[in-house]
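To keep things simple, chains are lettered A, B, C, D and E as they appear, and every chain counts its residues starting from 1.
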Amino acid sequence: MALPHAPASAPLAPTDEGEGGVRIQLSDLRRTFPGGLTVLEGLELEVAAGSFVALLGPSGCGKSTLLRLVAGLDRPDGGTLTFSPPLERTRGERAPIAYVFQDAHLLPWRSVLDNAALPLELAGVPGPERRAAARAVLEQVGLGDATARYPAELSGGMRMRVSLARALVTRPRLLLLDEPFAALDELSRSRLDEQLRALWRELGMTVLFVTHSIAEATWLAERVVVLSRRPARVVLDRTLELPRERVATLRTEAAFARESRLLHEALERGEAL
Amino acid sequence: MALPHAPASAPLAPTDEGEGGVRIQLSDLRRTFPGGLTVLEGLELEVAAGSFVALLGPSGCGKSTLLRLVAGLDRPDGGTLTFSPPLERTRGERAPIAYVFQDAHLLPWRSVLDNAALPLELAGVPGPERRAAARAVLEQVGLGDATARYPAELSGGMRMRVSLARALVTRPRLLLLDEPFAALDELSRSRLDEQLRALWRELGMTVLFVTHSIAEATWLAERVVVLSRRPARVVLDRTLELPRERVATLRTEAAFARESRLLHEALERGEAL
Amino acid sequence: MSTASARQALAPLAALVILLSLWEGIVRALAIPTWLLPTPSAIATAAAREARPLLDAALTTGRSALVGFALSAGVGVFAAVVLSSSRLLERALYPYTLFLQTVPIVAIAPLLVLWFGPGARAVAVSSFIVSLFPVIANTLTGLRSVEPALRDLFRLYGARRLATLWKLELPAALPHLFTGLRIASGLAVIGAIVGEFVAGFSEGSAGLGILVLSAYRQLRTDLLFAAVLAASGLGLLLFGAVSLAGARTLRRWHPSASSGGNPT
Amino acid sequence: MSTASARQALAPLAALVILLSLWEGIVRALAIPTWLLPTPSAIATAAAREARPLLDAALTTGRSALVGFALSAGVGVFAAVVLSSSRLLERALYPYTLFLQTVPIVAIAPLLVLWFGPGARAVAVSSFIVSLFPVIANTLTGLRSVEPALRDLFRLYGARRLATLWKLELPAALPHLFTGLRIASGLAVIGAIVGEFVAGFSEGSAGLGILVLSAYRQLRTDLLFAAVLAASGLGLLLFGAVSLAGARTLRRWHPSASSGGNPT
Amino acid sequence: SRSKEGQKKDEAPKVEAAAETKPALTKVKLALNWVPEPEFGGFYAAREGGAFSRQGLDVEILGGGAGVPVMQMVATGQMDFGIVGADELLTARARGVDVLPLFAVYQTSPQGLMAHASRGAKNISDVLASGTVSLEPGLPYAAYLKKKFGFDKVKVVPYDGGVARFVADETFAQQCFITSEPIAARKQGVEPTVFLVAEEGFNPYLAVVIIRRELSTKQPARVKAFLAAVREGWRAYLDDPAPANAVMAKLNTSMDLETFTAAAKAQHPLIETAETKARGLGTMSRERWETLGRQLVELGLIDEAPAVDDFLLPEFVPAALSTTAPTP
């Protein structure tokens, strides 16, 4: 499915509000699951406010675990996690963090529109306003004609796009994405990549983006962090030497290939550890 | 996660049995969902016995629907679907078709090992034998150390690999894969690509492989079918002009880039329809 | 499609006819005397003869059962919500709600009558007591079965407790809840009847419970069964209403409500 | 962790102490006479005085309830499996299983006694009849709630009907099934007691039902409540066994059994 | 149902109710311990014949089910008047329930055992020599029979309120009210022999009208008025049960008129005895209450016989004192 009516670089959400991002600092972070599996240990990472960081790493290394810790959905067993400015999470207000899970996790009893509007609903935004916002963002992920359907009637890729729309609808200050585009075809994917980057440029939120695609990481992020196999350590932390303006043709340029190769090697190093 | 002990080109399953593939012929296939959404219409496709065909197409175009029809999990509303030799599906025997769904769909109450052994169990294979087979195939998808865990304790990519192991454990004559590697990191992914292709070379089953990655399709398949947006029609049906032996370095060769470009263009045509 | 749905609507009727014929046949073949087990035709005759009092009694009992059922539904869901709010609370109190299920109504009849007065109110309370637990138990399981990832989602978006309840937990618990209500529908009727045994009064409109007792005493087994079947009829009405509501609510999203059923 | 689990084990006991103190306090404060509502201490005194007969009666009733419960569990699951095998069958027969729930045991007492003889057997059958429906209803919902994709999987691998049942449907239905069994545990006890009202033995091995009746008749409300609480105790034992079995079985894979509970 | 809602609250007469019925009638409630049957015929006769309204009372008669807690309802003020057995009253008093007897319908207890006539039993001892007998658990006369005859040779099962098992099984005997079960059994073609427990020496008054003490002290006039009307009603019913039977048959649809007539006839000699002819219907004597008290103590059902003077009040039961010498 394409986004035939949206220009390739159109931002994913309206632009009236840009609160800026947050700075995240992880220090000596440890997470051991009951049963004794240590997934993160001594992890150090600093993410500058408003930066776009991609996370790469082998399957099962702890990327989702890390994202859950940052989102506050799980508690570290050691170490600290600080945000500045601190994220006050007052209930009933627009949540400052949004999260696209690895699986879509939609509410099966809600239509696509009502699924996408959920975060605004929980923040107390009135019905017409939140529905309009949800409709707009669904339009932009290419689901403008599926707003009335139910999750069971969608394809896998469509479900993930609803999940993405749900995350973007709040215009968050910290956006956590766990392989959001893995179930999409390459064209939709690169189009959403472009829109995501445009949105980020505009709103300036902090983005943590887990992906398995080296090309996607290279194209999207300012900075890529490559993790080793479990327990995850940082193998490579690289600010990419690429122009700030990303265009579609960048993918064929030599600088792009060079960065990709570096990431590839780091991944291999991380797996061999 | 890597497959440190398995050589890169090791086949995914033991080699004692090779029954060969089936030929599939779809003619004028139509599928309309209740509610009136026509997803497939007048679809014609012939898949030679023992061939490896990749399916590309935009999200929501009907790829999963097509696979379900081929697997017999859904009924077409028109047209015919023939297998030769016909697939007798006697109950309690090793199923001739295997399917890796887009989502892992594991049984939450079974350990990884018992999930992977399920198809053999349903075929009446005795306990020790089926567990050995399951263990072998789990080893090969890189989950040799997670056999005793439960699905809720796995990462997204690990779950998909269990699902893949479950499909391969029967050494099927027709293998249907719906984006099996989307949730995997690129290294694991290309390693599994290689193993899958080796297995196919060895057993000669027919493989239908849905993917969103043009590179993956190009590298894996003998032939790639590109579908248009819904209702899905064949935009391009191309037998790739690449050497029969695929090596890792193929990805950097000119022929590879040329084929990829053709597919890319076809995808764009299909979306614009 | 329409023939299939017609067949489905007719299925219970067809089954009824078959069941009744079997019953009639067996009773006749074994020559079981009417005072022990009457034939459906004998029951029908008795019911026709006493149509008026039966109807009145069914209405009286039905009203009480309906009130009891409504109370169970409301209080049961509320109690389940309270219990589900903490594992500790559930551990501490859930077992004791079972008391309601195990107490013979006769044992607490004096209290019922004292607190609620004799007649319809005490009967409705009896119906409520008997039918409450299944609603609590099923709703609680439902509330507890919410997918953890969806809980995370709501937590992430700072959902208030009440919003999580209304928009996540209760919808997710609906399939369980409806099963609880289905069970409660039958129990509400028997609870009303048993309540009438000890707190119902025959002045004015006596309920089915009184009719059952006095027909039993007089060995009017045909009338007894007519009354019992009238009670089942009430139960079926409630059950049907619950099932219909369940099917409507869950239709588009829950497998248990899909018309497909088992493909094999 | 271990303090938390200790706290959880103690929670019901703590709640019991609080509930009993409240009860004692309220009854004393309002000066409610013992013949209407005895205090826990009065009940305890009566229970201590009549410990032997109470224990015997509880054993008699407990045996019948256990048999009834086991029958319900077995027959209920079986019936649900049969009903779930086709939508048509379910439509046709499921509503009539409700009959069991709405029939007053007294109305069919003569049949019970005639067919099963007076005493433990008829009592167990009564317990069975009263506790069957929740097992059917819950198991049926469970069997129907299997994810369609998993059904597809089994179909694809040519699973026989029985294999699908054992390896897919029943495991998936377990959370529902356990809820049904939890409800049945209380109902089995009350079913046995009500059965004893009409079909038990009064002398020799008299059950709690007989004790309840005679205590009621003699206005020995303290003993009556002791018997009722003994019945609840039986119910709690069964309930606890079911809950434990459920928690063990579902522990590693179903959210309802996770010890986490509601984070907010 | 609305009428019942209304009944609930009003202890005192209601203004609008008074407006409907001409002179201001006082509403009172009488709770029966079973559904309308001939054993309550006099009360319905008093209502239908106008005896109650002539006494300025509007009596609502509530027929109950099997386990209706009449004693507790009267004691807690839910009901003004209730019907219980004399043994129940003594038991209740022994437990601290302060209720008083006013009027005993049955002078001779209609309770008995019935067995199939074909068994040829000559007395209760024969009946209890084999087979099965159904007796209500906790019933004093069951305890009495057990003490006197022993239950070693007979299986005892709970009485379930009906006669189905009796009809089905020749070796089955059961407790009965001679006005009820024997008639029902006879209708199914089974001839029972009935042995009254009264003849074995256990003879409590039955269908005794009771009130709570508070009513006797606060509204003695109303109590007396009620009693007078009840006496008049029972007189009328004994003379001609037909009108009241017709009314009761409408309320209790499972019992036909024929059965009402037969039962009314069967109970007549138990209600109207030589003693009532001398002292009036419903009379009660000290000795009978004392004897019963002693028997209950002997059976271990109560610890101590309640003092008769505490509850048998001469202002309501004048015959009670006049016939009996005061105990030392």
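By our rule, a residue touches a chain if its C-beta (ideal position, glycine included) is under 8 Å from a C-beta of that chain, and two chains touch if they have at least 3 such contacts.
Every value quoted in this text rests on a predicted model; they were computed, and no experiment measured them.
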item: Pair of chains joined by the greatest number of C-beta pairs in contact; value: C-D
item: Rounded Å distance between chain C and chain E, as computed from the means of their C-alpha atoms; value: 36
item: Approximate Å spacing (C-alpha centroids) for the pair chain D, chain E; value: 38
item: Length of the line joining the C-alpha centres of chain A and chain C, rounded to whole Å; value: 49
item: Distance between chain centroids, defined by C-alpha means - chain A, chain E (Å); value: 82
item: Residues within chain B bordering two or more other chains; value: 103
item: Residue list for chain E, restricted to those that touch at least two other chains; value: 67, 72, 76, 160-162, 164, 168
item: Residues within chain D bordering two or more other chains; value: 36, 106, 110, 114, 147, 155, 197, 209, 213, 216, 221, 254
item: Touch relationships between chains, expressed as pairs; value: A-B, A-C, B-D, C-D, C-E, D-E
item: Residue ranges of chain A touching chain C (in the complex, touch as defined); value: 68, 71-73, 89-93, 95, 97-99, 101, 103, 105, 107-109, 118-119, 121-123, 150-152, 170
item: Residues on chain C engaged by chain D in the complex (per definition of touch); value: 7-8, 11-12, 14-16, 19, 36-37, 84-88, 90-93, 95-96, 98-104, 106-108, 110-111, 114, 133-134, 137-138, 141, 144-148, 151, 155, 161, 164, 175-176, 178-179, 182-183, 185-187, 189-190, 193-194, 197, 209, 212-213, 216, 224-225, 227-228, 231-232, 234-236, 239-240, 254-256, 258-264
item: Touch list for chain B against partner chain A, complex; value: 1-2, 4, 33, 35, 56-61, 63-64, 102-103, 142, 146, 153-158, 161, 178-179, 182-189, 212-214, 229-230, 264, 267-268, 271-272
item: Residues of chain C defined as touching chain E within the complex; value: 35-36, 50, 53, 60, 63, 106, 109-110, 113-114, 117-121, 196-206, 209-211, 213-221, 223
item: For the chain D and chain B complex, residues of the former touching the latter; value: 147, 149-150, 152-160, 163, 167-168, 171-172, 174, 250, 252-254
